[in-house]
Amino acid sequence: MQPTTNFMQNQTLILIQCQDAVGLVANISNTLAKYQLNIITMREYVDEEANKFFVRVVCNGLFPDQTQLSNSLAEVLPPSAQIQVNPSNRKKIVVLVTKEHHCLADILVRQHFETWGAEVQAVIGNYDTLRSFTDKFEIPFHCISHEDLSKEDFENQLIAQIKQYTFDYIILAKFMRILSPLFVATFENKLVNIHHSFLPAFIGANPYKQAHSRGVKIIGATAHFVTDQLDEGPIIVQDVRHVNHNYTVKDMVTAGKEIERAVLSRAIRLLSEDRVMLNDYKTIVFE
Amino acid sequence: MQPTTNFMQNQTLILIQCQDAVGLVANISNTLAKYQLNIITMREYVDEEANKFFVRVVCNGLFPDQTQLSNSLAEVLPPSAQIQVNPSNRKKIVVLVTKEHHCLADILVRQHFETWGAEVQAVIGNYDTLRSFTDKFEIPFHCISHEDLSKEDFENQLIAQIKQYTFDYIILAKFMRILSPLFVATFENKLVNIHHSFLPAFIGANPYKQAHSRGVKIIGATAHFVTDQLDEGPIIVQDVRHVNHNYTVKDMVTAGKEIERAVLSRAIRLLSEDRVMLNDYKTIVFE
Amino acid sequence: MQPTTNFMQNQTLILIQCQDAVGLVANISNTLAKYQLNIITMREYVDEEANKFFVRVVCNGLFPDQTQLSNSLAEVLPPSAQIQVNPSNRKKIVVLVTKEHHCLADILVRQHFETWGAEVQAVIGNYDTLRSFTDKFEIPFHCISHEDLSKEDFENQLIAQIKQYTFDYIILAKFMRILSPLFVATFENKLVNIHHSFLPAFIGANPYKQAHSRGVKIIGATAHFVTDQLDEGPIIVQDVRHVNHNYTVKDMVTAGKEIERAVLSRAIRLLSEDRVMLNDYKTIVFE
Amino acid sequence: MQPTTNFMQNQTLILIQCQDAVGLVANISNTLAKYQLNIITMREYVDEEANKFFVRVVCNGLFPDQTQLSNSLAEVLPPSAQIQVNPSNRKKIVVLVTKEHHCLADILVRQHFETWGAEVQAVIGNYDTLRSFTDKFEIPFHCISHEDLSKEDFENQLIAQIKQYTFDYIILAKFMRILSPLFVATFENKLVNIHHSFLPAFIGANPYKQAHSRGVKIIGATAHFVTDQLDEGPIIVQDVRHVNHNYTVKDMVTAGKEIERAVLSRAIRLLSEDRVMLNDYKTIVFE
């Protein structure tokens, strides 16, 4: 695993995905050399089946004119290439919660001490439970209760509230409402969920109860992008922990929370450093 | 995790399971003290939901008369208690294979150097592929091809061959035939399988292909007792390894073999040291 | 690893250490059975070399009279036996810090949401850096600067401040001053430190710099009791993480903080559940 | 961690190390593009402190003329550049052993089933213990006893025997003799050792005894190149396993062997796939 802590100060970050072809690395690196940009790290991946090329390049020195560099790269790449030069190096996030604090607390502490490149814009809960904790960190908290509302009305209020903010990602930090396809479509590729199991095992509700009944020896958690398919979106990070016959369901939940917190935290860090690229139903993670 | 290497030389091992009640530990330890047996380790588990008590005790000194000790214990335990005193401290195993060598090789090497308490009686393959390797270790190899045979006939031949041997466990070391309920019933609680995935994810065939398509970040393996339900038997050991987008299906298979080998090896060691007790659909593993 | 989350509500917890002898488990369990206490878990360890016996027993039901039970147990145990019945089931801790927040923040969040049995009485820093964060959680913060003070005077002030509080443990949560033998002796067996390396590798200062120069592929952290010998006290918890050639010293520090936080957190949880017993230079951890 | 299993069939592998400069990637990738070589994976590392550049490139298609490609690359790189094109894609190894079988057995089994790119040329033991096992695999075994010989004479015989073979690496697979600086110098950068601890903890003999006395909660193993400094050579692979107070020294040895085997096996695989580059006292491992 690579370190994921170097912020992009005095560096130029370039992300490209396009159809694969001979000479892409040459074309890209020629362009960079032309601008006297020295490559510090270049990580690329070729999906041979899909004939697609992905690359993440970090160069020494902050190149002043992003548009110029982007255009120069576009000239030497296939027409459909997606090019990003220095995407915002601090990601803005909106965090959705229900009642559980473990993921939110981790996010707010890191935010407070600025230990990563993510900036919480607001926390939105369908209960008021986590308001006072969020207040400590001087982050806006909005409660939008799902009670007495149709799913449609609830989601519309939620969407309206979210749209009050500028954001790169919406983090579902133990947000316990199933979202409609419409909601998901509204925020395509921006919704990141922490699922309380090692997907694809134990899809759906009560995974720890399922895990306990099954007598598993390992439990896990999965951070993934949200798509229409419940718990089926592209996986970003997974991790596990050994358990044994002594674990009650409650013990599994407690142990699971530690994994959930760590996995979501890692996913947000990777996203904030632009190390995650989407490749259809999967992710490429340049750790 | 506890060490699992001390063989039972000059020790008395006792396994008990029965209905739970107040005073069981007192009754058992009184009996042991009466015989001047000093308890080295005692591991017990109470399944509160099922009201069942499980214990594994190791005492200093080999008690000469197993029947006497067993009877003395029975007198102070509920009538339904299952008591084992010094179950054979070297387990005899019959190994079933198809073509893959990684688990078998590990078993035969450990057998050869006597690094665990399991003794391979014979290897049976539905192909002849692994005969010459098995021959190196002077272990009988029998090939029973499933080709040109009905499933029933194949299994009958297999059963007949297995029954030529005395054994404690039948190890399915990458035996790639699905066994009938009848076969499973014939060897109840004696069949141990290594499944090439982290159950319950990816049940059935081609788990690595499934894992690759799903873009998982972790793959695993599961050693479990075999029951009628495909891949649903009580789990003994599970382990995992991190993977990433660079892994092809073939890479996952290769990495998976390392996990399979380690997981099955650990399961056999635990079984050979009588550290695994069955509790309906689950296991208790006194590691 | 066992779960460590079940608090001792409606349970009786007993810790005993004494010289080993035949019949100890019998004597203990007889006494418990006499009081109709049903053993839920009993974990014992015999140090055969030192001829010492250690046991941790959890029984169903809260026994009302601790002294009576303790006396009854003393009657059937060797004279030197140390017996604890229901030691305070919430541990009071005083936390010492310098400037780094990662361990303190974890402790304060768990304190705030009461997710473990430890209660922070106060935070004491030799800098004022972490005051405002501590204030958010309404925990007293005292700054005792080491600047302009002799080591002796500094420690005397520290001792005086600590003694204002009732506490079970003093947690050195990245407290970056080396403590004198006198200080250590003042709080014997009560000082718990998080060391930023996998002891005994890289004893002393700048372990990550040492680790980087050495090109290690793994870094770690160690929670341990503090004794006179620098970084030589009994180890409670250790954990590690893989690193590689890409890690700068700074990356190692960042990754190390995650391990430090997790390791110290786990150590405090184990201590708060009375799962750690001292055995000279080592610990017994009944996880 | 990257998969390490894809052999270099129909691929061109290029390894380069040289002084760092702007445009190196461009120069290299231009040269490759000129020959219509499509880059599958390119992993590079810049040691900014030492101003050195390292790269490992895999291209689609086997380029027929290695010398031509190497010369073309040399033209566009600094004069001191070290360039390797398609280094032998199966590494020849000579294995040195004493009495312990666990590492050797793993190597011979993988050799037998050709699951990696290493080819054992011979096994040399300072005892005859492992001859019969080696014989099973039809690999030459030579016994050169150190008894009744001066260290110098012993090593001279050893060197003479080793030099009977063509080899890329000499694997010290639990070879329990300390080698002289002269011996080490004779086979510079070719000697790979498995050390039975997590270096730099417990340098020297009896690490498990040291680990037990210290009450560590983790034990490990280290595969490293051998240099003059005992146990100080560049580290290739390290791994660990959790232990606890129940482990005797013997249990630690047993658990340690499993780690040693796995770590050495992984190191040989990485070497056989040319994923390891030396950078003074450290390694770069392009996993």
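Each chain gets a letter, A, B, C and D, in the order it is written, and its residues are counted from 1.
By our rule, contacts are C-beta pairs under 8 Å (C-beta built on N, C-alpha and C of every residue); 3 or more make two chains touch, one makes a residue touch a chain.
Bear in mind that the values here come from a model prediction, so they are computed numbers and not experimental data.
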item: Pair exhibiting more inter-chain C-beta contacts, C-D or A-D; value: C-D
item: Same or different residue numbers at the chain A/chain B copy interface, by half rule; value: same
item: Chain separated most widely from chain C, comparing mean CA positions; value: D
item: Whole-Å gap separating chain A and chain D, where each centre is the average of the chain's CA atoms; value: 37
item: Centre-of-Cα separation between chain D and chain C, whole angstrom; value: 40
item: Chain C residues counted as touching two or more neighbouring chains; value: 1, 41, 45, 242, 244, 246
item: Complex contacts: residues of chain D adjacent to chain B; value: 1-3, 5-6, 41, 101-102, 105-106, 109, 112-113, 115, 133, 136-137, 242-244, 246-248, 250-252, 254-255, 258, 262
item: Chain A partner contacts - residues on chain D that touch it in the complex; value: 1, 20-27, 29-30, 32-33, 36-46, 48
item: Complex contact set, residues of chain D against chain C; value: 1, 45, 198-202, 213-218, 220, 234-240, 242, 244-246, 279, 281-285, 287
